[in-house]
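Next up: some structures, all given as structure tokens.
Two complexes, one shared chain (chain A), two partners (chain B, chain C).
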Partner chain A sequence: MIYGFNTFLLLLLVAPIVSLLCVKMKKARALSPIVLVVALLTGAATTGVSFWRGDRLSLDLSRLTPLPFALTVDRLSAFFLLLICAVSVPVVLYSASYIERHYEGLRRDGLWILLPAFIASMVLVVTASTGFAFLFGWELMTLLSAGLIMMEGDAGQRRHNIFIYLLMMHVGAAAVIGAFLLFLPHAPGLTFAAMRTVAAQMPQGMRTAIFLLAFLGFGTKAGIVPLHLWLPRAHPIAPSPVSALMSAVMLKTAVYAFVRFGFDFLGTGPAWWGYLVLAAGAVSGVLGVLYALAENDIKRLLAYSSVENIGIIFMAIGAAMVLRAYGAPSLAALALLAALLHAINHALFKSTLFLGAGSVSDATHTLNMEELGGLLNRMPVTGIAMLVACCSIIGLPLFNGFVGEWLAFRAFLGGSTLPPIAPAIVLPLVAGVLALIGGVAAACFAKLYGVVFLSRPRSEKAEHAREVPVLMQLGVALPAAACVLIGVFPAIVLWPLMTTISELMPGTAMPAQATSIATVLPWLALAVIAIVAVVALVRRTVRVTATWACGQPGLDARMQYSGTALSKPLRKVFSQVYRPDRAVNISPAGQPYFPETISYRSVRTTSFERALYRPAVDAVVAAAHRLRRLQTGNIQVYLLYLFLALVSLLLFMRFL
Partner chain B sequence: MGLVDIAAAKTLASSAVFIFITLLLLASAKRTRTCIVLFSMQGAVVTAQILATAYVHRSAEAYAIAFLVLVIKVLAIPYLLLRIVDRLNMPREVKASTTSAQSVFITAALILLSFLVVQPYVRAFNIDEDMLAAAIALVLTGCFLMVSRKKALMQVIGLLVLENGVFLAALTSTFGMPLVIEIGIFFDLLMGVFLMGLFVFRIRDTFDHLDVSKLRRLRG
Partner chain C sequence: MKLLLDIVQAVLLVALAPLVRGIVSRIKARIQNRQGASVWRPYSELRKLFAKEDLVPPTASFVFRLSPVLLFAVTVAAAAFIPVLHASALLGTMGDFILLAYLLAFGRFFLMLGAMDGGGAFGGMGASREALVSTLAEAPLLLALTAVAVVARIATLAGIVQWTLQQDFFRLSAVHALAVAALALVAIAETGRIPVDNPTTHLELTMIHESMVLEHSGPSLALIEWASAIKLNVMIALLIALFAPWGMATAFTAAGLAIAIAVYALKVAALAVVLAVVESSVAKLRMYMVPDFLGVACALSILAVVFTAVMR
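Entry: the complex of A and B
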């Protein structure tokens, strides 16, 4: 299988070069998506087979590089590699049509060159088996994704957002590098195998430092609150296929890396590590979904929803760490199973949603919900795929989101059976938090789907929407189909995942809770299909009439519930979280009963984010101002700096 | 012991002193032309030393390198620089930010510093103390010339002196680098001088002066 893996890597590296060569040849342009899809399918097939056989694929390039550089695909890597390949295929198919329709010249060529490179960097991150290879891939992933965002343009506010993205990614990367460097004295080559063996013998303080740095670094990449600031800024401004990749796949590389550090390297830690992750996950989940609810821009809503789902994943990971620390391995396995399953579920439905959002903006040229409506009739395939994705993300049974959240609930509630009092209280409470998240998410996506796809068009643009080209439909439909498949037959994912987890936590077997749900769901699906069929047969006639308008002469689109109105009750309940800044402007001012114009503005303030980040930003700016005095602009002064550095180094070497 | 052997030994023994003399003269020189001639003489000293090393170690490669140094550093580069000075038709002073006396004093201090810092290496690797100190002094003085002289041409000369130092350090510590690398470095150097010559003309044409201390708009 190593040949298959090498072919995959080679094709993946060839793909950007093909795109580069295609710049001049118009006819050959279809080649770059084809090469990329072939590469990804090769990768998926190879990884799938080697996963099934339990092979370890490895590729050691240390002879060619200054520091040890090797790739190894063990089961955990293979799982995430499969995720990358599986989600990238529909995204690339979608891009083949989307990029041609939206971009031309340099931007199109740039996207086709950077996109394969970006996928390759993510592959490098999940397969790397040395610290150097991992960090190389990690940095490359950040830079290439920023490059892809810039292909959309970098004027004004966009540039500021990209800057914040890069800034936070570099702070995160610094923490990640720190986590690796702490291993350096014990494992000089920074190979994962060596790190795994030395981690157990390291002093507890050092292990805690590594854990905290890893959590900080990977949490920044994953978008854990309060390190999530970049996420709702960067995702919405990227081209839709890139948003899909970033949200569905790139965030998962952080989950991979965190599981790699937390479970593979560090093994069992003290319980408070788990509680920390659990708390951060719960805060992210709740705040993410509440912020999502208040958004009226589809892609911003989806970006906040990513924060929420990452929160759920980290809650499950945290629960697994807690349960493991208290010596309940089978429950810990269940929680980790829920986390990894939710990771792949989120990748599938979030890629559908982001690609669907791209289709909506392609058809209507807007992403503002208040201008959309009635798209289901106009774009049936996209509409149904989006319905499937929305049902999945809120965790309705028979869709994949349900399985992951169900397992998470079972793991949290199972915590009540532990003898120590702390987890027996905390874990069931977390189940309550998850229920809250699920409820608000249901409201949020009911709003998204109801306002955008149902109801009547709220603008001319939505009125004249047309279904997108076949490739784009395919890109949206494929992951949606996978959502249903996993929702009905979760066993196809659960078994491979359990094999992965038993490699991380030896001695654990498939938890009974997972087996039971996997056996029930197909029968449930059968029952639902039977009921639907019976109802369809019995009810033959459908009456189509106008909506009753209280006897008034006619309804128009402006009378419908708007997205803002739909979320109002919940925003009112959680007004402490939003702290909205409201203003009603009536003009002319003196006549409240006969106004000419009324405008209403309600903006969510980010008070806690400001309170957290402002001091840090101020300190950095002040330091930069002080350092600026060094920059005189005079060449000779710069030469003098060099000269002084040289002399002091010489003296340092001589006397110290 | 033949006459050539004695000459080689004497050269090896005394070339460091000659290098120090050229450095002190460079520091005190007030005219650009003098500096270029001094640089050429410095190159000649280095050539003599390579020849002596080549003779002592019976190395054919070293003869080739000596020839290259003679052609490039003693003849070609100084010739190019002198032509630039002629064609520039600008005031001839080096425009130092320190007086001659101060420059000489600082250079002397740098030479002392060089002797100070090479001690551990001399003992550890059994290298000729004077030569290594001369190499370090060349590097430091080259830096100092670049820092303290305001005219763009003097930055070029400072860099060349610095390069002499690097070359000499390589020669004394490892008996020179492989010939291919040396050729590459010489080629680089020649190209560098060409480029810097071009830039000097551009600076003159754009700003009507060569004073780099006035070029400070790069600052953000």
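Entry: the complex of A and C
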């Protein structure tokens, strides 16, 4: 099996080189996606087999590197590796067509070189088994994704957004490095095996510090509120396949790393760790989906919805930590099952949605909902795949999103059986938060689908939209099909997931709740299909006729509800969350009823930007101004600095 | 025998749904000093609609015609969850209340999509308002059901009913009082009755459900109307099953079944009277008062959940 794994890694590393070599040869250009897909399929097959057999693949490259550098694939890694491979295949297929259509010259070559490298960096992150290898992959992942975003262009506002992305990623990376460094005194090589053994013996304060740093670092990468600021900025400006990879897969590497730290290294912690994660997840879920509801740009909406789904995943992880801390391992396993299942589910439907958004912009050259409409009739395959993804993301039964949310509900409900009163109150109440998130998400995606794909086109561009090429259709259809498959037969992923979890938490077995949902869903599907079939037998004569327009000559596209109007009632109810800066300019000022021009502007700066980030940025800038006094420009002063540094280092070494 | 009874009660919930609706309208008419239409009128309306043709706007997609079918299918599936005559149901022994709540959300989502696909202004307006109501109703619905499930220590509806049947009515806890209040408010909102929505209105300023179905006609409209009648019936049956299941058949004897049917009919009639009285005596709320209405439901259901832990 290890040969298969090595072949996979080798092919993945060869892929960018192939792209590089093919720059000059026009005919050979199709080679790079082919190599990449072959690599990913090899990887999926290898990890699949080794996962099934429970092998532990490992590869030690420490002889070639200054610090220990090794890869190990245990069940947890294999699970995430499978996720990466499975989601990347449709994305690469999609890109093969999308990149050719949208980019040329340097940009196209750059994308084909960076894309495999980016996938390889994510593979490195989930398979690394030493701190050095992990951090190397972690940093590479950030830089390569930023590079991929830059391929779309770096003018003005885009550059600012990329800067924010890189800045926040590095603040997060600093926390991650800190978490690893705290292990250093006890586990010098920072191999994961050593970290696992020493973590239990570390003093509680140290463990808490590691946990907090890991939560901060990985939470930034995952997009937990209020560390999500980069997410709605970076995802929408990337090329669509890259947005899909970033949202569907890259965020999951943070989930992987957090589970690795929280469950594998640190093991059982105090209950407040879990409550912290739970609260952060709940806040992310609610705010993420409320912000998503207010967006009219498809990709920004999807980016905020990623914040929401990451919130749901962290809610489940937090519940698992709480339940574990109170000594309920089987319920904790159920919660973790929910978290990992939702991670796969989100990867599947979010890649469909982002790729579908790419197809929409390919066909209409816009992502602004208010200019779209009626695309289902014009792009049937993309439209149906998007419908499936929308049903999945809001958790309708018979689609995959439901299974994960259902397991989470049952885990929260299980909290009521704990003897202490705090979790018995908090966990069942969190079920209400999850229900609220589900409700707002339904409104949000009804708006997205209704405005973009249904009714009449709202602009010329949407009017003349045509279905995208076959490869792009395939890219959205494959993950959408997987959504339905998992939604009706969840057992196919529940069993593998449970083996992963029982490796993390020994002694846990498949919870009865999970078996029951896996039994009931196929029957439910059968019942619904049977009823639909019976109803279809009813004779229905259909006449196509214009919608009645109250006697007026006819309806036009502008008479439909717009996306903004659709979300208005909910935005009004939750106005405390949005608090937009509004400005209405009427000129001339003295005539409100007979104006010549009216302009209206509404800008939403989230309260986090105002209350949290602005002061932090101001403080950093002020500190930098003060530090500037050190820079006198006088060479003698710099020599003095050198001398002082030397002396203090010598003193430090002498007295340490 | 058990399976047969499961099927019979699900079929009854579906088939008698229009009758329940007719009875409510009739009682309402009497309270308002009107003669009122026959209780069978909803059936003749359905028959009339099924005989008509489906008018489809030229700009609509297949979602427009699919949505009534799906709405009907999942609502019927939801009816198979509710124990009516005995403490079991076709899907109620395997599926739990979360699945039930999400099935109802399934139907609602497609109803909203179908409304938007019509291409007129009313569909979007209705969908927008429905989104408001259903979003805010989701949390109290699930929390109230959670509270009951926590007290019964089981999540399937059949299990909860079985547990409740063994309890003494006068010793049911405050949790049940809070949950039934919350659930009743949610049921009013979910089924589009006064004071949240008016099922008989055709005034654009007030309507929610009616404006969503405005572009549908013929068999499609019949399916939607039938589905919403089933939903009302499901909500009534859910309230009865969770909070007053006594009288359900415990053994499969002819006498037991006869009593179960009679008692159930009485309970439905009582709830129909309550609904008619409420609808006749309360004015419809302004739309932006609906969040307050559901906020009360939410507060009640949160209290119910808190009490489950405090009072055990």
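Simple rule for what comes next: the second predicted complex is superposed on the first by the 603 of 656 C-alpha atoms of A that agree within 3 Å, B and C clash if a C-alpha of one lies under 4 Å from a C-alpha of the other, contacts with A are read in each partner's own complex, and residues count from 1 in each chain.
Assume a residue touches a chain if its C-beta (ideal position, glycine included) is under 8 Å from a C-beta of that chain, and two chains touch if they have at least 3 such contacts.
These numbers were taken from a predicted model, which means no experiment stands behind them.
J.: Based on the superposed arrangement, let me know which partner A:V542 touches: chain B (first), chain C (second), both, or neither?
T.: Only chain C; A:V542 stays clear of chain B.
J.: Counting only touches as set out at the top, which of chain B and chain C does A:I531 meet: first, second, both, neither?
T.: After superposition on chain A, A:I531 lies in contact with chain C alone.
J.: Taking the superposition on A as described, I'd like to know which of chain B and chain C A:T417 touches: first, second, both or neither.
T.: So A:T417 only meets chain C here.
J.: Hey, is it chain B or chain C that touches more of chain A?
T.: C
J.: Per the contact definition in the header, classify A:M653: touching chain B only (first), chain C only (second), both, or neither.
T.: first
J.: Considering only touches as defined above, state whether A:P428 meets chain B (first), chain C (second), both or neither.
T.: second
J.: Chain A residues touched by both chain B and chain C?
T.: Comparing the two interfaces on chain A, one with chain B and one with chain C, no residues are shared.
J.: Within the complex, which stretch of chain B touches chain A?
T.: By the definition above, chain B touches chain A via 97, 113, 116-117, 119-120, 136, 139-140, 143-144, 146-148, 150, 155, 212-213, 215-220.
J.: In the complex, go through chain C and note every residue touching chain A.
T.: 50, 53-65, 69-70, 72-74, 76-77, 80, 91, 94-96, 98-99, 101-103, 105-106, 108-109, 112-113, 116-121, 123-125, 127-129, 131-132, 134-143, 146-147, 149-150, 153, 155, 215, 218-220, 223, 287-288, 291, 298, 301-302, 305-306, 308-310, 312
J.: Can you list the residues on chain A that touch chain C in the complex?
T.: Counting only chain A, the residues touching chain C are 374, 376-377, 383, 387, 391, 394-398, 402, 406, 409-410, 413, 416-417, 421, 424-425, 428-429, 431-436, 438-440, 442-443, 446-447, 449-451, 453-456, 513, 516-517, 519-520, 523-524, 527-528, 531-532, 535-536, 538-549, 555, 559-562, 565-570, 572-573.
J.: Give the list of chain A residues in touch with chain B in this complex.
T.: For chain A paired with chain B, touching residues are 631-636, 639-640, 642-643, 646-647, 650-651, 653-654.
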